[in-house]
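These are the structures, in structure tokens.
Each of the next two complexes has chain A plus one more chain, namely chain B in the first and chain C in the second.
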Partner chain A sequence: MFDLILMALASGILMGLIYGLVGIGMNILYGVMRVVNFAHGEFMMLGAYLAFSLNKGFGLNPIQSIIIVIPIFFFLGLVLHTFLYERIQRSDDPEVASFLVFFGCSLIITSLILQIWNADPRSIPFPFETVSIFMGPIFLPMGRLISAGICILVILLLSLFLYRTYMGKAIRAIIENREAVSILGIDVHKVSAIVFGGGLAIVAITGCLVTLSFPVITPVQGQIYTNIAFLVIVLGGLGTPLGALIGGLVYGIAESLSSVFMPIALSPVVAFVILIFMVMVRPQGLLGKVSTRI
Partner chain B sequence: MNNLLEAKNIEKSFGGIKALDNISFSVPENSIVSIIGPNGSGKTTFLNCVNGIYTPEKGSLKFKGQELIHKKPHEIAKLGISRTFQVARMFQKISVIDNILAPVLGSKSSMGELRKEASLLLDRVGMSSLKESLGGDLSGGQQKLIELLRSWIMDSSLILLDEPFAGVHPELKHLFYEEIQKLKQMGKTFILISHDMKSVYTLSDEIIVFDLGAIIAQGNEEDIKNNDKVIEAYLGN
Partner chain C sequence: MDRYSKLIRFSLIVLLLFLALVPIIPVSQPYFFYMMFWVIMASSFNIIYGFVGYLPFGYVMFYGVGTYITAILWSRFQVPIPIAIMMSGAAGVLLALLFAPTLRLKGIYFAIVNFSSAMILRILVSNLPEEWTGGSFGITLTGAYNPVAGYYFMLFLMIITICVALWLSRSRLGIALRCIRDDESAAMVMGINVQMSRLKAWCLAALFPSLAGGVETWFSAIVDPDTSFNMLFTAKTVVYAMFGGLGTITGPIFGSAFMYELDDFIWGHFPLMNLMVLGFMIVFLILFLPKGVIGSIINKRPKLRQIIQ
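Right after this comes the complex of A and B.
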């Protein structure tokens, strides 16, 4: 039993890193733009399917595909920002409008994936697919280890960007107070376009990593990841980018550990019980602070 | 002396209530013009119109001859207008020095030079030891002072000060005076909103009194002190 718990803990941490990255993307978008991207998981699946096509068409493995999907999704983000975000901002209630717009996007993307790749489950073969690493009683599939490693690298680079570069500092300043930033001469609109592009690029990276971590991808998985992203950012703290990492780890470990003690189908229930508990006792999330908007 | 800012017939309403009613006045270059008035008289609303947070329904606001109305806040800031707030809007999770440098993020100027300049400014006001502290660790008065120091980095021509002395320790208030005087000596222009009448009388070249969104008096200390409308606005009938 102890071995099983250790195994579940290790697996939870590896998955938690991926969930954390999913949440970080959504959290930065919410922090800067005050929009809840309810198509987050669907964009992620679009990235996964693009990786699948790059594998079929050009023989690229999911790690190589990351290099291709980043600029594609960044550009897609800029285009969507131009056509959607400005209209959302003009509405009476941008947050509610964003919910509806991105819910619409999620339906469109799912239909698009079904149309292009059909409903069959897909998988991408990669060189280390069957290799696992054994550490005493724990065995770790190479695909998940590589995914976790890339997640750590992306999170480190993102942290360096947010905390060491001037654009990153501007993004953090906008998350704190949009109005104060704009009267300092910073073009919030331009920064939010870059953030939207960057946010979608992160989502696409996660999409590629999912193909390494799970045996198959299906078009309808997007909604699951959107729910996970939402749960993770509430756990970690809405608008605090790195809080999502903590939220992701908590969720990953809870999901994995619960599968040891109860039927696997009930593991999402545990996660949502944690969410409800968190909303009741610490609604600002683990790293969030209680704040009022002036 | 040329006028740096010219407001003509400015009107702004909120839900049928006129917050600014036909406001017209000019701010000469290198002067300190104070706006005083009871709470709710429209002082902060006027500043919000100047830096683009609000868009007036009528009138014109010209800065160095350029119309400000319909310009976005960041465009107005780039023209050379900076601002401090009644409740300082420091970035709480960002270091003090980066808070000062926030307006020049991504600027083409050498960041090394700007950091050096920001360090010198902090040294001058005795806050160099707090350089790497987070904005949220400072007192309310210190946060307001940091907002003023940003004006040096922004090199703004017009600085809008909204209640800079409210809740500020007397020693810090003295530092505020010094910084405002130094900036004025460099040719900067100010619009000052304050309830601290001693500071208003000490610093201002001209005082404008707002009441219920309209200008009821304008002039120097003596003009204001002896104006019946001003006395009535503050003390009631």
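Right after this comes the complex of A and C.
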């Protein structure tokens, strides 16, 4: 039993890093643009399916696909930004409007995936020699270890970008106070275009990593990841990009521990229950100070 | 103006007569049954989103609970169907009261929490003991199948829903609700009991979908968790209501009738594109027609508000 819990903890931490990265993408989008990306998980699945096709067509493994998928999604983000951003901001309630628009996008993407790749579960043949490594009583799947490693790398690069560059500072400033920033002469429109592209690029990375961490991908998984992303950013606090990492770890551990003690069919309930509980009791997140948005 | 209202009254009576005759004359009965079903869904959704400004993104849960309560009461406790349908309505209101604390959330938080609640209900229902809910296969009510009675019940329910919506738009409560939507603190200062008014609207909005769910069980004689808690029900309700125009009475009715027709056409000709068209419709509506067809007409010609509401 003790071994089981230890193993659940270890896999929870590995998965938590990926969930954290999923949440960070969404959190930056929300923080900068007040855009609620309800299609987050669907964009992620689109990335995963692209990785699948790149593997099938060109024999690339998911890690090599990341390099190709990033510019595609960055460009997609720029295109979407041009079409959607202005109009959403002009509506009466931008947050709810964006929520519904992206819900529409999620339906479109799901149906697109169904058209191109069918509803069959797909998987990418595992590209590495060792399938898993043992550390004492715990065994760690290699795919998840590598994904977690890449997640840490991306998160490090992202924090360097957010805290050390001019653009990163502008992004954090916009999250804190939009109006003041536009008075100070920062081009909010340009920054948000870059954030939109970057946010989708991060999503695409997680999409590629998912094909390493889980045996199969199906078109309907997107919904689950969108919910996880919501949960993670609510746990970590809206608008604090790196808080999502802590949210991801907390959720990853909670999820894998719950699968030890509860029937597996009920494990998605854990996410929703934590989400409702957090929103009702502590909407500012685990670390947040004061909430002004609720 | 008077001539117009006479004309409208006359065409309304003709329309109702036609709907009442549908089971007798040779037209597709399910087609009109589900059209009325969507009118009820969109009109009651309008009460909570159009009048109060709360987006319940798990709206399907009221319908789902309605279908299941009727199915369980009939098949496990031999309760007559009409009474079971009433109990479905009561269960819907009870569920609304249970989720009443979530009304203190706003905007997107309310939508997400409501959505998560619907997901929890769906997972719970499919994991309850088989003797109760029939697991993921659901319940088949072979002996209860009675489409004609179900049809008239739905027609009756639709008339009541529209009457309630009409009453609400003119009543004190309706005015209070719009005040709250536009400026909550101002409404509070004016002496409106914000929590209570909101709760009333929330219960009303929960009542009709659960009743409609019960009637739908009578008509189709089958329930299963994947249909009863399908996200697309919420999506369609939102689109149908928005297409006509939120905050108006005729909007959701027109929107449901038109969009249902369109949906039916797409299903018939390009079944694979259904989801994509629905997605594009949502994006298009929010970006280009946020007030809906009727809402835009009223916005352009405010005088017409006297005739169409």
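As a working rule, the second predicted complex is superposed on the first by the 287 of 294 C-alpha atoms of A that agree within 3 Å, B and C clash if a C-alpha of one lies under 4 Å from a C-alpha of the other, contacts with A are read in each partner's own complex, and residues count from 1 in each chain.
Basically, contacts are C-beta pairs under 8 Å (C-beta built on N, C-alpha and C of every residue); 3 or more make two chains touch, one makes a residue touch a chain.
Nothing here was measured: the structure is a model prediction, and the numbers come from that model.
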After the overlay on chain A, what do you see for chain B versus chain C, clash or fit?
fit
Partner chain in contact with A:V195 - chain B first, chain C second, else both or neither:
neither
Looking at the overlay, does A:L184 come into contact with chain B only (first), chain C only (second), both, or neither?
first
Using the touch definition from the top, say if A:A10 reaches chain B (first), chain C (second), both or neither.
neither
Is A:F272 in contact with chain B, with chain C, with both, or with neither (first, second, both, neither)?
second
In the overlay, answer first, second, both or neither for which of chain B and chain C A:L84 touches.
second
Applying the document's definition of touch, where does A:V210 land relative to chain B and chain C: first, second, both, or neither?
neither
Please work out whether A:K169 is in contact with chain B alone, chain C alone, both, or neither, and reply first, second, both or neither.
first
Quick check for you: in the superposed arrangement, does A:D92 touch first (chain B), second (chain C), both or neither?
second
For apex chain A with the CA centres of chain B and chain C, the angle to the nearest 10 degrees sits at 90
More chain A residues touched by chain B or by chain C?
C
In Å, how small is the closest CA gap from chain B to chain C once the two complexes are overlaid?
13
Looking at chain A, which of its residues have contacts with both chain B and chain C?
294
Write out the stretch or stretches of chain C touching chain A in their complex.
53, 55, 57, 101-102, 105-109, 111-113, 116-117, 119-120, 123-124, 126-127, 231, 235, 238, 272-276, 278-283, 286-288, 290
Give every residue of chain B touching chain A within the complex, in rising order.
51-53, 72-74, 76-78, 82-83, 85, 87, 89, 91-94, 98, 102-103, 105-106, 111, 150, 154
Residues of chain A that touch chain B when the two form their complex
166-167, 169-170, 172-173, 176-177, 179-189, 294
Touching residues of chain A toward chain C in the complex: what are they?
36, 84, 87-88, 91-93, 95-97, 99-101, 103-108, 110-112, 114-115, 223, 227, 230, 263, 265-266, 268-269, 272-273, 275-276, 279-280, 283, 294
